[in-house]
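Note that subunit A is present in both complexes that follow, paired respectively with subunit B and with subunit C.
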Partner chain A sequence: MAKHNIMVIDDEKIVGDMAKLSFEQDGYEVETFLNGESALERLKEKRFDVVVTDLKMKGVDGLEVLRTVKKLHPGTVVIMITAFANLDVAIEALRDDVHDFFPKPVKIKELKTSIKKALGDL
Partner chain B sequence: MTPAWWDKLTGLSGRRQGTSADLAARFHFFQAVLDGNNRTLELMTEMGEKLGGDYLFDVNYTRSAYAALFAAISDSLRNFNQLTDDRYPELAKTLNRIDGLVQRMLTNTEPASGRLVLFYPEITWDLADEVGGKNYHLAELANALHLPVPESFAITTTAFTLFFRHNGLEERLAELPRADEGALAGLRGAILAGEFPEEFTAALAAAVATLRSRLGSTATLAVRSSAEEEDGDFSFAGQFETVLNIPCTVAAVQAAYKEVVASLFQTNAISYQRQLGYDLGRLKMAVGCVAMVAAQASGVIFTAAGGRDRSRLAISAAWGLGKAVVDGLTDADLYTVAKGDELRLVARRIGAKAQMVVNTGASGIETKETPPAQQQVACLSEKEVLALAQQATAIEEHFKCPQDIEWAKDAAGRLFFLQTRPLRMEEPEEATASALPPETPTGHAVLLRGQGVVVQRGIAAGSVFLLRHLDELERIPKGSILVAGHDSPLFVQAIPFLHAIITDVGVPTSHMASICREFNLPTVVNAGSATATLRHGQEVTLHANEGSDWVLYEGIVHGLLRQEKQTAAKMRALYEFRRQKYIMRHIAPLHLINPLDQEFTPEKCQTIHDLIRFMHEKAVQALVASAERQGRGRLFGGQTGPRKLALPIPVELLVIDLGDGLRKAAGKKEVEPAQVESVPLAAVLAGMLTPGVWQQEAMALRGADLFSGMMRAADLTAGNEATLAHNVALVSRDYLNMGLRFGYHFNMLDCYCSETPRNNHIYFRFVGGAAAITNRSRRIALMAMVLAEYGFALKAKGDLLVGRISGLSRPEIERILTQIGRLIGFTRQLDARLEADETVRLLARRFLAGDYRVAL
Partner chain C sequence: MKIEYKIYLSNAIHILLLVLIGIFALQNLNQILTKFRFTVIAEGLNATFLEMRLAEKNYFLYGDAEALANIKGKIDQTSETLQQVRQDITRAVGAEKYNRLQGYLKGYGQLIASLDKSRLRDPVAQQKLREAGQNLKTFSENITALESDSIGAIIVHSKNILLYSFWAVVLFAFLFSYLIVHNIGFSLRKIVELTRSISKGNYEKIAEKPSNDEMGAVISAINAMAEELQKREKEIVQSKRLASIGVLVAGVAHDLNNPLNNISMIAQTYAEVYDSLSREERIGFMERVDEETERLRVIIRNLLDYAKPKEQHLARAVTNMVIQKILALVQNMLDISNIQTRLALADNLPDIYIDEHQIQQVLVNIVTNAIQAMDKGGELRIVSRYLPAQDDIEIEIGDNGKGIAPEFLDHIFDPFFTTKEESGTGLGLWVSYGIIKNHQGNIRVASEVGVGTTFTITLPSCKKLKRCCDGEA
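What follows is the complex of A and B.
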């Protein structure tokens, strides 16, 4: 079976770096992006099984990423992480079919469980 | 320690204003200090957990978490100053210094002392970044351990920045991530041609003049790199220049300075940084100017042999300067010392030492043949080996981790230390790199076996690249096994392309060896005939286990190969993470352990945890002193003079009654447990006095435990000073606050136990221990397992455990306090026993079942 692939978008390098390291340990292929713009470019070329994105980013934010993903690749699972646990945004994101929503700092194990669930591995 | 006259003075003024209102006010501040400390500790453990690698976090988190922590400790300090009448003004300065260091990390700004040159005795912990790792560690050996270190001064990173600015080179640093070979060479050229700003030259001239006045005008210096972070998590071993034996003049030091600083931009050093994920252009270099030792012999000590075995240390030695050993030029002597209670020389191997590096007459150095008569002679006598071993052990204890130490011996036989840095230890999972299979894989001839030393174990396959000249490093194809005559730290630039390294000559303590361990690159040195036996381009498989247990097969042995190594990628990824985690260095470590120690002073506080520890101890003292001043004055109906609790177990405890905590008829100096009316104290004592929990059986009792026990007993007979550093319980009928210290660990209990459940709480904290950290963590795990049974909210990190529970009825609180009393007794010396994780579960189960035996 081909490896599942995951896109991680966060404007802080440390988030992508650590996510990449820990997801790769579980056998996923991971690409990381530091802004929404470059991620959207990549999404035009490639479909990912899972997109983990920060909500608040300068320029293209997490909600815009979510909408684009759903338009281009409706089957892709989107998980939102954010330092600002804002309920309104969470509700809006859920309505837009976000799979899960985590406040930062997020426990990597929980994130992995959510990903596995989404991919039907659990 | 505070002078006695101060105590007298405050004692007098205290008596004058010694009213019960004074004690009531002080008790209020005391509780506020405890509250602030508790909040700080909780935030600290939470931060440690979030930054520990199990969470995704960003810089916003670190900033806001630290802000909350700083607010809590500031609160605590404000109340502490009220409680102690501003007796410790230095604490605020320490907190400011810590805050400055953390803020600098959070905002990526530069150090701010503004000093350009610092002599080693001036270097304090908060200047570590400005003088770089190498200077700082060496200065610590002289300042804290009083070990022999040559006269030295540091040129700071502030001077580095000044030099770059003066020569208009700052912009070039910003372009570094995109710099090619040509740009790097151009930058190095510009540095070598650089001019020194006037103030830099002036500071240097003053330092050089001082050194000449101390050592004479013929003294010479070693000018060495000491970059920020050098000798920290990563060694940068051998990546930068060292210029040896230069005259002690401004012109000579300036020329050498430029050479050393330019080496920050050598291809190998840039490649090393890139592989570790550094932002190129951000690393700054301080420089150390260390008086040359006219070395008759020199070498390196690993305080954990082979980077694995902490029970032995290994000393390598060769004639002349240490360069022969660290550059792997020669086959050195190797002495192995068993550490234990008594140091013992257990193995001695005399190396061939064909070459040696010596000072030439005036300046500079040269490599020459060792005179044949000297080659077979041991560089060190057994006595010298043991002397070095003893000092090395002290260094390891001071830095609390295994060290890689450089030493030299002069013609008069005096030993000097020239460097110390953390020794990278092999990760436990690497240790599983299996032993060699008993049989040779079919179809694969054995090419080399057994001669030489494994530096980094592992299994790797690839094509042999026979290196004849260093220029060829750039041409090595990906996946090669590098085979060379002798090793060099310059190999680092080829590491991304290498699967393994094998050299004919070399020592396991060289710079290259350190780097290979950092990158988990399977490496064997001193293999004797690798360059003669192997052909360029030949496919081979290396299986390196440990010591001389290794073998090289012809061809690719697929059965042996495991998944491709990703170490370099892993390190890159972790760089940002590590940087955030560094903040914890200024927060969590605890240096102040023993309040009876000379070092237990505000000046020795280096971290937030130290501040908490210091404030707690002194807050208790201040309160006790206040109670003593009042003598038998009454407060809330209680008798406030501290009284000794007569216990049938080896615990010294003073009780201060804040109100109805002791029976009215209780003695003035001493009270019996039966006279305790404080509900929570009575409950804890019932637990501590439960038959069987106080381990009486012969256990590996440490000298330190015994010693501190004696000290405390002595205190009690010493009159007025008696209450210094005591275990103290503050009680009322419903309240207990108690600190209990045994040797190196500390229990703190704060609880309220009334008829109103919603007011009730238990706060329990445990920290420290003298055994290895793994054992201490196991003790914490055991305590956590027990407390979890009762529904405690727990936070544990390393050897710190914080637990709280609230809202329970009085009988429930009493029941739990009795269990905690048992737990305090039961776990007192348990860490020495906890050699395995299973023991933790076994003993926790037993404890909960009322079985307090610790024998397995």
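What follows is the complex of A and C.
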């Protein structure tokens, strides 16, 4: 079975770097992006099994990424992370489209569990 | 003097004037009455004297004894009358004239008494008697005429005095009312001016010594209140600063969470991949942790610096740096609210001499207001420029938010004025106004509903304030 691939988008470079290290440890293929624009470009070329994106970014933000992903690749799982802890209403509104929501600081183990669940590995 | 007492005094003077005029008029009336009584009596006497002289003529013409007896009778009768009205006459023309009249009558009576048949034809005696009769009659008529004239004179005099006093009273009343009303009006205008300026955050007292009346008491009370308000304002400025921290923290939370998350993720990953890492890679991990803690430290220091209560500390500052610093504080709020920032900061601006802390507070306040006005996103425009004519620096902060209705615009710097129904205390801009005024600057607002709002702050350059001491312009 081919490796699952994961796209990680966050304007904080460390998030992508660490996610990549950690996810690759578990056998995933990981591509990281520092902004929404370059991620959207990549999404036009390639389908990812999971997209982990920051919600609030300059320019193209997590919501736009979500919309594009749902349009281009409806089967792709989207997991949202954000530094805003108090966005309950927004989270609720996105509940249908977003597989999971993680406020920063993110527990990587929980994130991985969520990804595994989404991919039917658990 | 108290206004109350002034009015009492005015009334007292009026009453005194009226009483004096009354007394004067009463006296004149009494005098007129006395003189009138005298003229009535004198007219009677004059008539009797005339009859006496007629009888005297008859006596000389016809030697009529009856006429002589008639004269004698009239003399007795007149003497008696004179005795009876002695007081009236004395009062009217004085004792001297009365005595003279009585003297004339007595002399005439003696001459009549000395007449007998033998001397009837004596021309000397006749002449003497005629002279005495003539004297008596003339004197009597003269004083009567004199008194009649004097009555006329008194009436004219009284009339004039009454007329003058009437005008005097009217003039006095007018003048006094004018003075009191003018005084009150003047003080009231002063008070209105003062309270207005206080409501704008200027706590200058009314300079001149307050007068010793009720208005003075009000002015003193307002002065004391201004002093008290000035003290309170310091507390309000601080509490406003703390309140605005609440708003800032909402934005800063995001700022804090990012480095926190980075540290956390580094730590988690570090533990997970430790075995596969080289020594250099491990050091690299820890260096990144250190960098992230530095990020946190800066954010927290900025916040604490902003929150710390401080005595006013004026120092030279670079205008554009002040603007950049507050932008760092609000950047995340701007990002969340989808607001783009357009900066047009002039190069080579003269420095300003400010309490940077306070000016930051003003700018943060205006920017957070702008953010709230652009709840659907927008553009925040910050311009700095130099006004060479006034030697002032101008900072303009504009938004393209919902704008402020014209009827609110005039009150925007008033204390407790707010259009934000629950979230606003209505003190933010009032405090800002006070801070800018304290810096000898100015703050004004222009707004159009649906177009946006622009706040313009002017601050004197440090050169203008003669605070650039290090020789540099």
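Operating definition for what follows: the second predicted complex is superposed on the first by the 113 of 122 C-alpha atoms of A that agree within 3 Å, B and C clash if a C-alpha of one lies under 4 Å from a C-alpha of the other, contacts with A are read in each partner's own complex, and residues count from 1 in each chain.
Going forward, a contact is a pair of C-beta atoms (placed from the backbone, for glycine too) under 8 Å apart; a residue touches a chain by one contact, two chains touch by 3 or more.
Here the structure is a predicted model, which is why all the values come from computation and not from measurement.
S.K.: Quick check on the subunit A-based superposition: subunit B and subunit C, clash or fit?
M.R.: After superposition on subunit A, subunit B vs subunit C: clash.
S.K.: Who does A:19 touch here: subunit B (first), subunit C (second), both, or neither?
M.R.: It touches subunit B and subunit C both.
S.K.: Could you say whether A:58 touches subunit B, subunit C, both of them, or neither, answering first, second, both or neither?
M.R.: Only subunit C is touched by A:58; subunit B is not.
S.K.: A:100 contacts which: subunit B (first), subunit C (second), both, neither?
M.R.: neither
S.K.: By the touch definition at the top of the document, which applies to A:49: first (subunit B), second (subunit C), both, or neither?
M.R.: neither
S.K.: For A:108, decide between first (touching subunit B), second (touching subunit C), both and neither.
M.R.: both
S.K.: On the A-aligned overlay, A:83 touches which partner chain: subunit B = first, subunit C = second, or both, or neither?
M.R.: both
S.K.: Could you give the residue numbers on subunit A that contact subunit B in one complex and subunit C in the other?
M.R.: On subunit A, the residues that contact subunit B in one structure and subunit C in the other are 12, 14-15, 18-19, 21, 83, 104-109.
S.K.: Please name which positions on subunit A make contact with subunit C in the complex.
M.R.: For subunit A paired with subunit C, touching residues are 12, 14-15, 18-19, 21-22, 25, 56, 58, 83-86, 103-109.
S.K.: Spell out the residues on subunit C that touch subunit A in their complex, using ranges where they run on.
M.R.: 250, 253-255, 257-258, 260-266, 268-269, 272-273, 288, 292, 335-336
S.K.: Which residues, counting only subunit B, touch subunit A once they are in their complex?
M.R.: 50, 53-61, 277, 566, 570, 572-577, 580
S.K.: Under the touch definition given earlier, write down the residues of subunit A that touch subunit B in their complex.
M.R.: On the subunit A side, the touching residues are 10, 12-15, 17-21, 24, 81, 83, 104-109, 111.
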